[in-house]
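Each of the two complexes below includes chain A, the first together with chain B, the second together with chain C.
Showing the complex of A and B:
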C-alpha cells in the first residue's frame, strides 16, 4: 500500500494504552485462559500429534494397529472419494465465506443506523445462531423439500419452476450455503456491529468536514477501521467452513452421490463407519496441511493490508 | 487486589474440584450403565421400563440410562470399549451383531441367558436364531420389525378402493395409479399413490425385498461374494425406477415419505412398525396396515430386530444385573413394547393372545414374520448396509434413481465395489 492511500484511510488506532496495569492483567488473563489451554492441549493438540503415527497404520480402533508405512497416503491420492470430498470442501468455503461476510457486514450497517425497532431487529438477527445444528438442519430440509417444501411452493406461485435443492448434485452444496446465511450470519453481524461501534465518531466528523459522506466515508473510514475485524471474521469463517460436518450430516447424509461429503465427513465416515482409523488419520493430516497453508496465506495477505 | 484475585481463583478451583469429585459417588445397588439408542417416540417407552425396573429393584439394581442416536451409539461403543469405559448394556440392531462380535466387543450370552431363565422355545425362531452368530448367542432380541404397507384409508375411500392394501403387482399398480391425482388442476400431480426415498438405505431395503420375492439374495449362499449383476436385480431396479419416472406414481427424489404420508399426500408407503407410534399420534390421519404386496412370485419383505447386548469385560455381578433387566424387558414387557411403541412382540404366547390381536395395525407385521428377510450377516455390515454415501449399494440406487447412471452399469459397479469390500478383510 502506498503512502498516498494510507493518508486517505482515516483510521488510526495508535492510542496511548497504559502499560502499568498490563502485567497484572496478564497474570489474571493466564488464570482465566488456563483451563481452556489445558483442555485444548489434552483434547486437541495431543490427539492430533498422535494422529500422525496412527496414520501410518491399519487400525480398527479395537485390536492392535499394524504398521503399513505410507500406504494410507498413497491410497489417499488415488481415492476419488477423498479428492471429491476435498473439492466439495473447497467449493463450499469459496461459496460460504465471502457471502457470509457480505451479509454480516450489510446487516451490521443496517442495525447500526437509528432504525425504528433496532433492538428487536438485533435480537432477531442473532437468534438463529443459538439454534442447534440438528434443529436448523431439519427445518431447512423441510423447507428445501422439492415436492412439498415451502420454498418451492412459493417459487411455483411466482411462476418459477423451483429447484431440486438438496436432492441434486449441482445444487445440494449451494442449499447448505443458503441455509447457513440464515443460521450463522448473526455471528458475523454481532462482530461487525461491535467493530462499527468502536469507530470513533470524530473520524466521521473530520471526514464530513472534508466533504466525505455516504459511500466515500464508508470506503475511506468505515472499511479501513474494520480491517482487523474483517480479518478476524474471515479467519473464523474460513476455519469453521472448512470443518463443515453437522449440516450435511443432518440434511443430506453426504449425498446425493457424495456431493455434500466434506473432508470432515469423510474422516468421520472412514473412522466410524468403515472402521479404518489409520486411513482416517491420514485424511486428517492432509486436511490440516491444507487448512494451515490457507490460513498462513490468508494471514499474510490480510496482515500486509492491515500494516 | 492481587490477593483478592488469588483467593477468588482458589475458590473457583475448589468448586470445580468438588463438582468433579461428587461424580465419583456410588450407591450400594449394582449400577448398570445402559445406552438406549432407540429413536423417539419409542425411546420413551423403553425409559419407562427402566424406571419401573429401578423402582421394583430399588436398593438391589439401578439402571442408569443414557439416550443417544444410533450412529453415536455404535461409534462411541468402540471408542469407549477401547478406553475400557464401555457401557454394561445397550440396544443393538440384529445386522450389526456379526461385525461387532467379530471385533470382539460383545459378550457371549449363552450362560447368562440360561441363568436368567430366558428360553428360546418361547420366542419366534427367526428372531431367536437371528441373534446367534457363528454358533454363539451375542444378543437377546426385543422385537422384530419387518416392513409392511401402510395405506391412507381416507384416500383409498376417495379413490373408490377397498379397505385393504394391494396383494400383488397388478393390484399395486392399479391402486397406485388411482391414488395419483392432480387435485389443484395445475397439470401436475399433488397426490401420489406410493412413495419411497431415493436416497439412503431404503432403496436397497426395497431391492432386497423385491429380490427375496424372486427367491434371490444379493450375496452368494456363503455370504462371501456379491451377486448383483443379474437380470433379476436389473428388473427390480427398473421397476423401482419406473414407479417414479414411467408410471409417475411416486414423487421424484422423495426424502421424507413418512412426512408425506402423515400429511395425506401419499396413499401408500412401505415402512416398519416403528412408525405406528408416530402415525397414531397424527391428527386427521386415518391409516391401516397391510402385508407387503407380492410384487413377484413369493411373499418376502425386508426386516430387522432390536436386540439387547452386553459388551465384554463387564464385571460378572453387573452382567447378571444387566441380564435381569433384559429378562424383565423380553419376558414381561413384550406386549407393552408392541402396544405403546408399535414394535412387534416375538414371544409366541403374546403373538397368539387375544390382547395382541386387538392391536389392528400390528397384524400385518405379525403376518410377515415367517418371510422376513434379514440383511445377510457380514463383518463389513456398516460399510455396505448403511445410509452412507460411500456404501456401494447407496451409490448404486442413488445414481439409478437420480437418472445419472444406466442400470446395467450401476449394478456392475456396485458388484465390483461390494466384492472389493468383502475381499479386503
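Showing the complex of A and C:
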C-alpha cells in the first residue's frame, strides 16, 4: 500500500479486515464447540468405532487379547442363545411399540378434552416417568407376584384364575410390556398432547362445514396432522424398546428359560459375567448396526416429510 | 309436529352428549387409577410390618403403619452413601453439561463453520443411540484409563449426550440476533455477548436441561452397574438392585418387599420433588425436544 489510491486502498483494507473477521468469527465458534466436540468424540464416537476392532479379538478382562478374525461373528450366528435374544428383542419391540403408541395417543385425546380433573390426570400419567428402571421393576415384580401380588388378587376376586406373569415363559415378556404401559406411556402422551394442541382450530371448523365431525374428522384431520409426531414417537419408542435391559435385569434376570433375555442383556452377560468382551463386542456391533439403520431410516423419512 | 321432532332430537342429542361425558369420565377414572395405584401400593407396602406384607388379604392402609422399613433400609445398607453418590454424580453431570453445552449450542446456532453440520448430526445421534449399545468398548477405554470405580468415570460418558446442545441451539435460534450484532459492532467479544446478552435469556432452556439431565443421571443404571462396583462410588439404582432387591446371580428368591419398597421410595423422592416443582419445564422439555 503506497497510499496513492486511497479509495482502492480503503476498499482493499475493508476486504482484508472482513476476510480476517470471517476467519476470526470461525475461530470463536471452534473454541466454543471445543469441549463438547471432545466429549462427544471420546465418549461416543471412539467407543462406537472401537466396538469393531475389539469384536475381532478374544478380549477378556484378564489376560492379553489376541486377534481371532471373524471367529466371534461365526460363533454368534451359530449361538442359539444370541439368536433367541435377537428374537426376544424383536418380539418385545413388536409388542411394546404399537401398544405404547396407541395408549399414548388415546390418553392424549382423552386428556385434551374439557374434563374436570384432567390437569391432575396429566400429572398422574406423566409421573411414573420420573421413577428409575430398578424401582419400576421391583414395584411391578411385586404387583405381578403370583401368590401375593395385587394383580392376581383382584383377578381372582373377579372370578378369573390369575396368571404366573413374570415366572411363565409365555407371559414373561407380556408382563414387561404391561409394566411399560405404566412407566413410559406418559412420554408419548405429552408429545401427542403437544401435537394435538398444534393443530389449527380452523381445520376442524372447515371440516365441520363439510360435515366431517367425530371419527371422520379424526381420520382426515387429526391423524394426518399428527404424522410428524407419530414418526418421532415411533422412532424413540423403537430405539428405547430395542435397548430393553433394566427390566429383565430386575424383574426376571432374563428368564424364565431365557424368555426375556434381550440383546443388551446378552451383551451384559457375555461381557461382565462370562468376561468375554470380544464376543460381547461382536453382539454390540450387530446391535449398533440395527440401531444405526433405524436412525438413518428415520432421518430419511423425516427429510421426505419436510420436502 | 315439527316442534316435537326438534324437541326429541334435542333430547337425544343431549342424551348422547351425557353418555359421552359419562364414558369419558369413567375412562378418566380408570386411567388415574391405573397410573396412581403402583405408587400408592409402593408406599402402602413400605409402611407395613415385614410379617404382614405377604398376606392373602389386601390391606391398602397398613394397620398399624410403621416406619421400621425405612429405618432398616438406612441401617442395614449404605443407602445414605448411595444417595450421596448419586447426588454428587448428578450435580457434577448437570453443571459440566451446562458449562460445555451452552457455548456449543450458541456457536451451532449462530455460526456456520466447517464441520458444524457433522457436529450437529453427532449431537442428534448421541441422543438416539443408547449407551447399552457401546457399553463394552466404553468399559474397555475407561478401565485402560483407570477411570472405573471413580466419580469422574460415572460423569464423563454422560457429557457426550447432545440433549443440552440441541435444546440450547434451538432456543438461541429463536432469540432475535439484532442486539448481539449491535454489541459486536460496539466492540464486544463473542464471550461477552454470550455471557451478558444471551445467557440471561436462556433460563427456561437451562431449567429444562437441568431437570432432564439430573433425572437421567440420577436414574442411570446400565453404566454405573459396571463402572461403580465399590460402595464408595456406587449409585442408588445399582445399590438397590444388587443389595436391597438382591437380583444378582440369577436369584429369583422373593426380596423383602417392605424393606425394598421403603428404599425404593426414598430413592425416588428427589425426582418426584423435582418433577412436582418444575413440572412446567418438564412437560415443555418433552414437547420441544419431541417436536423440535
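Basically, the second predicted complex is superposed on the first by the 247 of 307 C-alpha atoms of A that agree within 3 Å, B and C clash if a C-alpha of one lies under 4 Å from a C-alpha of the other, contacts with A are read in each partner's own complex, and residues count from 1 in each chain.
In this section, a residue touches a chain if its C-beta (ideal position, glycine included) is under 8 Å from a C-beta of that chain, and two chains touch if they have at least 3 such contacts.
Computed from a prediction, not measured in an experiment: that's the story for all the values here.
After superposition onto chain A, partners chain B and chain C are found to clash with each other.
Of the two partner chains, chain B is the only one touched by A:81; chain C is not.
In the superposition on chain A, contact is made by A:124 with chain C only, not with chain B.
By the document's definition of touching, of the two partners only chain B reaches A:261; chain C does not. In the superposition on chain A, A:145 contacts both chain B and chain C. Of the two partner chains placed by the overlay, neither chain B nor chain C lies in contact with A:200. Residue contacts after overlaying the shared chain place A:164 against chain B, while chain C stays out of touching range.
In the superposition on chain A, A:253 makes contact with both chain B and chain C. In the superposition on chain A, A:28 makes contact with both chain B and chain C.
Legend: residue contacts after superposition of the two complexes on their common chain; A:239 is shown touching chain C, with no touch to chain B. Measured by the number of chain A residues touched, the leading partner among chain B and chain C is C. The superposed model places chain C right into chain B at 73-81; the other stretches listed in 19-27, 55-63, 73-81 or 307-315 stay free of clashes.
Touching of chain A by both chain B and chain C, each in its own complex, is seen for residues 28, 31, 61, 142, 145, 147-148, 167, 252-253, 255, 271-272.
In the complex of the two chains, the chain A residues touching chain C come out as 25-26, 28-33, 35-37, 39-40, 42-48, 50-51, 54, 59, 61, 107, 110, 113, 115, 117-118, 120-128, 130-135, 137-140, 142-143, 145, 147-148, 150, 153-154, 167, 182, 186-187, 190-191, 193-195, 198, 228-229, 232-233, 235-236, 239-240, 242-243, 245-246, 249-250, 252-253, 255, 264, 267-268, 271-272, 277, 280-281, 284, 287-288, 291-292, 295. Residues of chain A touching chain B in their complex: 24, 28, 31, 60-63, 81, 141-142, 145-148, 164, 166-169, 252-258, 261, 269, 271-275. Those residues of chain B whose C-beta lies close enough to touch chain A in the complex are 1-2, 5, 9, 71, 74-75, 78-79, 81-82, 103-105, 198-200, 251-256, 259-260, 263, 265, 382-383, 386-390, 394-395, 398-399, 402, 404. Chain contact summary for the complex, chain C toward chain A: residues 24-25, 27-28, 31-32, 34-39, 41-42, 45, 53-56, 58, 99-101, 103-104, 106-108, 110-111, 113-114, 116, 119, 122-123, 125-126, 128-130, 132-141, 143, 156-157, 159-160, 162, 165, 189-191, 194, 215, 218-219, 221-222, 225-226, 237-238, 240-241, 245, 247, 250-252, 254-255, 257, 260-261, 264, 267-268, 271-272, 274-276, 279, 282-283, 286-287, 290-291.
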